[in-house]
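Two complexes come next, and they have one chain in common, chain A, joined by chain B in the first and chain C in the second.
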Partner chain A sequence: MATASETTLVTAHNESATKWWTRFLDPSERTLALLLLLPTALLLSLIIVYPVCRLVWTSFQNLSLTSGAPATFAGLENYALMLEDPVFWETTWNTVLITLITVPGALLVGMALALMANLPFKRKWPVRLSLLIPWALPLAFAGLIFAWFFHSEYGVVNDVLRRLGFEGVIWFNSAKWAFAAICLTIIWKTSSFMALIILAGLQTIPRSLYEAAEVDGAGRLRQFFEITLPLLKPSIVVALIFRTITALQTFDIPFTMTRGGPGTSTATLAMYIHQNTVDFLDLGYGSALAVVMFALSMGVTAVYLRMIRAKG
Partner chain B sequence: MSHETTTNRSLLSGKPLRILIGFILVVNGMFPALWILFTSLKTEAELTAKPITWLPHAPTLANYLRAFTDQPLLLFLFNSFMVAILSTALTLFISVLAAYALARLQIRGRDLILSAIIAVSTFPLVTLLVPLFEIMRALGLLNTWIALILPYTVLSLPVCTLILVSFFEGIPRDLENSAMIDGCTRLGALFKVVVPLAAPGVFTAGILAFVNSWDEFLLALSFNSNPMLRTLPVGITLYQGEFAFPWPVISAALVVGIVPVAVLIVIFQERVVSGLTSGGIKG
Partner chain C sequence: MTLNNTIKLLLAGAAITLSASAAMAQTNLRVFVSSQHRPDVWRKAFDMYEAKNPNVKVTIETGGNTSEAQAQYLNTVMTAKDSSLDVMILDVIRPAQYAAAGWTVPFNDVLGDAGAAMKRYLPAYAEANTVDGKVVALPAFADAMFLYYRKDLLEKHGIQPPQTWDELAAAAKKVAAAEKDANLQGLSFQGKAIEGAVCTFLLPYWSMGKQLVSDGKLSFDKDAAVKSLKLWKDFVDQGVAKKNIAEVATDDTRKEFQAGNVLFAVNWSYAWGQFQGAESAVKDKVGVVKLPAVQGGQPASCLGGWEWGVSAYSNNKTEAQKLVQYLSSPETSEFMAINASLLPQFPDVYTDADVTKAVPWFANARPVVETAKARPVTPRYNEVSDIIRTTVNAVLAGQSTPEEGATQMEGRLRRVLR
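The block that comes next holds the complex of A and B.
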């Protein structure tokens, strides 16, 4: 084949194109592209698109697997029920509060970690690993580890507090302290990813900008606010969008740390969806709750996108 | 060294301060894992001593033995490993095909398709718990690996596609064309020429997909209630009884669970960082 002249190559190609199986092996570019994208399309249809349609449909149904009764149309009944359900309001409020506390918290801590990690260390790997390990740790592991950290008797947090002369706190007996412990854990777990993103952004800022600012007599603080922060904005916004959407889905850490307790004071909307779906098998109500969460995260994305457009 | 430190002159360029900051970073990142390691080596008696000890005084491996005998920890590891490996393989296969189409072939609406795939990644999978539960139930897939492999593949598909598109675009077309003149089909050229040349990208995408699957908790908890099919993160929560929290045993199980991914991260740290920051999407 390699020695064949160009003309014979072309005719050979034309001949083979008439046979159906060679056409399958070497199809035209457009057909090939469609074929290559087909598995992605199929998978996304099965796991995302069809379930979304089904979710909305089920939220208008009475569908409880415990009764064994077939689904009946319920109209807005599930939604009406939700509005009068104090646990819905409590878990939604907890979710919003966790988002409002841990997203800015992770951003601030992540920024601090990134600025520290950007110093010219001789060995880079200990710092890099210190940012990667919290990221790679499963959220459920982080929840368990920090539940042990905050243990009232033998936890290292209370030990340090006592050594410093404070009273130990019984973290998981009060809603407030349990909530604080959960937020601290989430901030620790998620700030390292923020730091990695911000660090990558920091390393793209040319040194010359700082040198020029130095010549103009700008202080370090001014340099930070007028060079570093504006140039970091694109990477920060992207990280914030994903962090906010994952914060709205918070499940693993409160589930492993407190199981939502005491009572339902630290339960999140995701935990309530899980409870209604898997424990109570009330799929209609679980779906209605999920639609609310879906609306929340769409709202967040819309707000961020508007912010990007307004300032960009 | 000194001319390199232009961004961090004066105050912060002092060596002692830099060492201190490095120490803070390392403690922040490593201390929780280290503390769990210390706890796992303590005896029950030492654990309940007051004031608490930091380093284990009489290190013991008894907790590790109990971690493997109290619960089928090896089975949890096996389930997690198989689900993660299979979903990673599936993710890579599907995203290699898609990324090649997006990077190389002339298609209308290329950017639209790419952003549609990425938009999916911002979709909260929790909200699909009910319909996915119903679908898996209808297909008889509850309590199987497949019930997790399919959603996990979607979880990593956007990141992997994004990484692979950028890698494929960096490979010169001539290499592919000459392979095709040598009698390769387009798909043959993809798998014999393009994928091997993009190996670093494929590898990076693979590690991210593996970690994503290894970490997932909610779907694993919801779809596989059979204890024999528990993945590691879910299985580890089974050690805690209604009232008893055998912390040294839980810690030992946690250490066992941390080691595989930690090894992966230590070996491939630079690649993971580049993958995460080029298109990484994870909480």
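The block that comes next holds the complex of A and C.
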């Protein structure tokens, strides 16, 4: 009968005699994980990493399709031009302003909508449907619809205002009214998305907590702040992350509503990137702008991730 | 028959069928037509071509309803080297850029003597379509801006068509006071930030005798720029033009005039065909003259016109070139003049009997087209256009004063056109 030590000796000898690739035939969990991730990693590097690297590379070049000249290396010239470009600063500021207004705005409206949708309805589907429709509508459609709503002559908004006795506003003639119209549209469109996420979170809160609180004598408002809000925090953070990143990339709604007008007062950074690449065909400068937006989005994502990690 | 022989017979039959169908192979050409220039009438021209060339089938694609929106679409398709479009219609300001970007196929090989071929066209278009000796596109139609007016209203109040902008303002105020129609606009022009707004700015500027670019360098006259912006803003402030003129694009002007709500309109030649159409409220009530001049200046018009180009990424370049030569022929030009009121690119067609019968004012339009000024030719034209049109839009919206607008325009143009 073989002793334990003899068996170990035999096993060790056998392992060193096997080929290197046999470890893939019966892989350890770690190797298996690596192998399964490999196809996805390849796909992602093809559609994300490669274009981003190409983008950064183009941002260091002088490449304008209408000049007829081939690309030449320009170092940080595009970035230097960007810092002196007043339109860049204006569009970046517009983007930040839109983010600061529409993210909390959509959160508040979305929260209200979710709370209403959570009430016990006899038929749930009309409520869910009306919550879903703004989110399902393509952004460009929403922009065009609201552009007509806010048209100074043929629009519904001015019609209602006039019937109420006010004078109609020429919405797209002034920067601040055009901006307001755009923020309103964005809040309308995105609050349904926030509402859906928050509603999902609301439904995970057990009724027993509310019943217990009621027994203890807590009013509805107190219940909201002490039970609902704390338990909703994860959903809220998720909704905020999505909303903030897409707010930084706002393009469709201002583009279809005002094209950035009057002047450049409602143009966002994404619109300026689009203009430089698709309209002016200045790929070098457009790439530099896109790199800045990419860095901004990454920065915001990092901040949020840190916030989540801090919560444990 | 043995299996072997059966197979051989079947293969031979297949080969014969395939080669026969290849000989009768249909070429499918996809043409991008600007939606504001009567694609329905171009469709008839394509039908006539298909009748004469049974192995060619033409499909029309439209998208975007203003020049710069269409350009952005085409830019995207061409940058992606997409082969979906074979022929595309280009605004007169674009063939040079598209050639520089390598997106068009030159016509020199199929034209034979390119110089002689281009001489048949009006000189402005021969120039716009020839880059470094290569013919990069062929003219589709000519165009310039005109002043349309309500013949019936001017006759009713005993007013002659105005020769200066001041006369126009006076005429509009007189008619407005007499008609007391709240819906009647005195003057409609383009204040939206579209390509046409560049012409809006340049019309008075050129009328004062100034150039924007000379010898490839910026020759901006700030005084003239302020005066030009102020001219249009004054129309709004005095109530001659409507308050939200900054929302008005080319086809909006056309639609409002067609509905009978406008006394004077600044627009391109295509509008005439619409005004004389069955659905028009102003049929036979429309007069056309050349645009007014500023006080003490010369009348000036903006040169327009569109060109047919063949995509460098097309799979059917030869057939596409043949189609374009047909589209850019005197016969098609006459057809489009009669049926869509698109100005001819050939000098002789203006005085053709059938054309004069259908569009009587074309005979007088030829000198306007021949003296119309072209917008600045520069590889960075898209940026120049954006600067000018957003400034015009901002001034007309009341967002900037004419002085502020002119200052901004100068600064931004200097950075682009060093």
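Keep in mind that, in the parts below, the second predicted complex is superposed on the first by the 267 of 312 C-alpha atoms of A that agree within 3 Å, B and C clash if a C-alpha of one lies under 4 Å from a C-alpha of the other, contacts with A are read in each partner's own complex, and residues count from 1 in each chain.
The working rule: a residue touches a chain if its C-beta (ideal position, glycine included) is under 8 Å from a C-beta of that chain, and two chains touch if they have at least 3 such contacts.
Nothing here was measured: the structure is a model prediction, and the numbers come from that model.
Looking at the superposed arrangement, the partner reaching more residues of chain A, out of chain B and chain C, is B.
Once chain A of one complex is fitted onto chain A of the other, the partner contacts of A:Leu44 are limited to chain B, with no touch recorded for chain C.
Looking at the shared chain after the overlay, A:Gly260 reaches chain C, while chain B stays out of its contact range. Of the two partner chains, chain B is the only one touched by A:Phe141; chain C is not.
Legend: residue contacts after superposition of the two complexes on their common chain; A:Val278 is shown touching both chain B and chain C. By the touch criterion defined above, A:Asn173 reaches chain C but does not reach chain B. When the two complexes are overlaid on their common chain A, residue A:Glu226 makes contact with neither chain B nor chain C. Shared contact residues of chain A, touching chain B in one structure and chain C in the other: 151, 153, 278.
Against chain C, in their complex, chain A makes its touches with residues 64-68, 151-153, 170, 172-175, 259-265, 275, 278-282. Per the touch definition, chain A reaches chain B in the complex via residues 1-2, 9, 25-26, 29-30, 32-33, 36-37, 39-40, 43-44, 46-48, 50-52, 54-55, 58, 113, 116-121, 125-142, 144-146, 148-149, 151, 153-154, 156, 159, 162-163, 188-190, 192-193, 196-197, 199-200, 207, 210-211, 220, 241-243, 245-249, 251-252, 255-256, 270, 273-274, 277-278, 283, 286-287, 290-291, 293-294, 297, 301. Put simply, chain C touches chain A in their complex at residues 68, 71-72, 75-76, 79, 97, 99-102, 192-193, 243-244, 246-247, 379-383, 386, 390-391, 393-394, 397-400. For chain B in complex with chain A, the touching residues are 1, 4-8, 10, 12, 18, 21-22, 24-26, 28-30, 32-33, 35-36, 39, 47-48, 50-52, 54, 93-95, 97-98, 100-102, 105-107, 113, 117, 120, 122-135, 150-151, 153-154, 157, 161, 181-183, 185-187, 211, 214-218, 221-222, 225, 232-234, 236-237, 247, 250-251, 254, 257-258, 261-262, 264-266, 269-270, 272-273, 276-277, 280-283.
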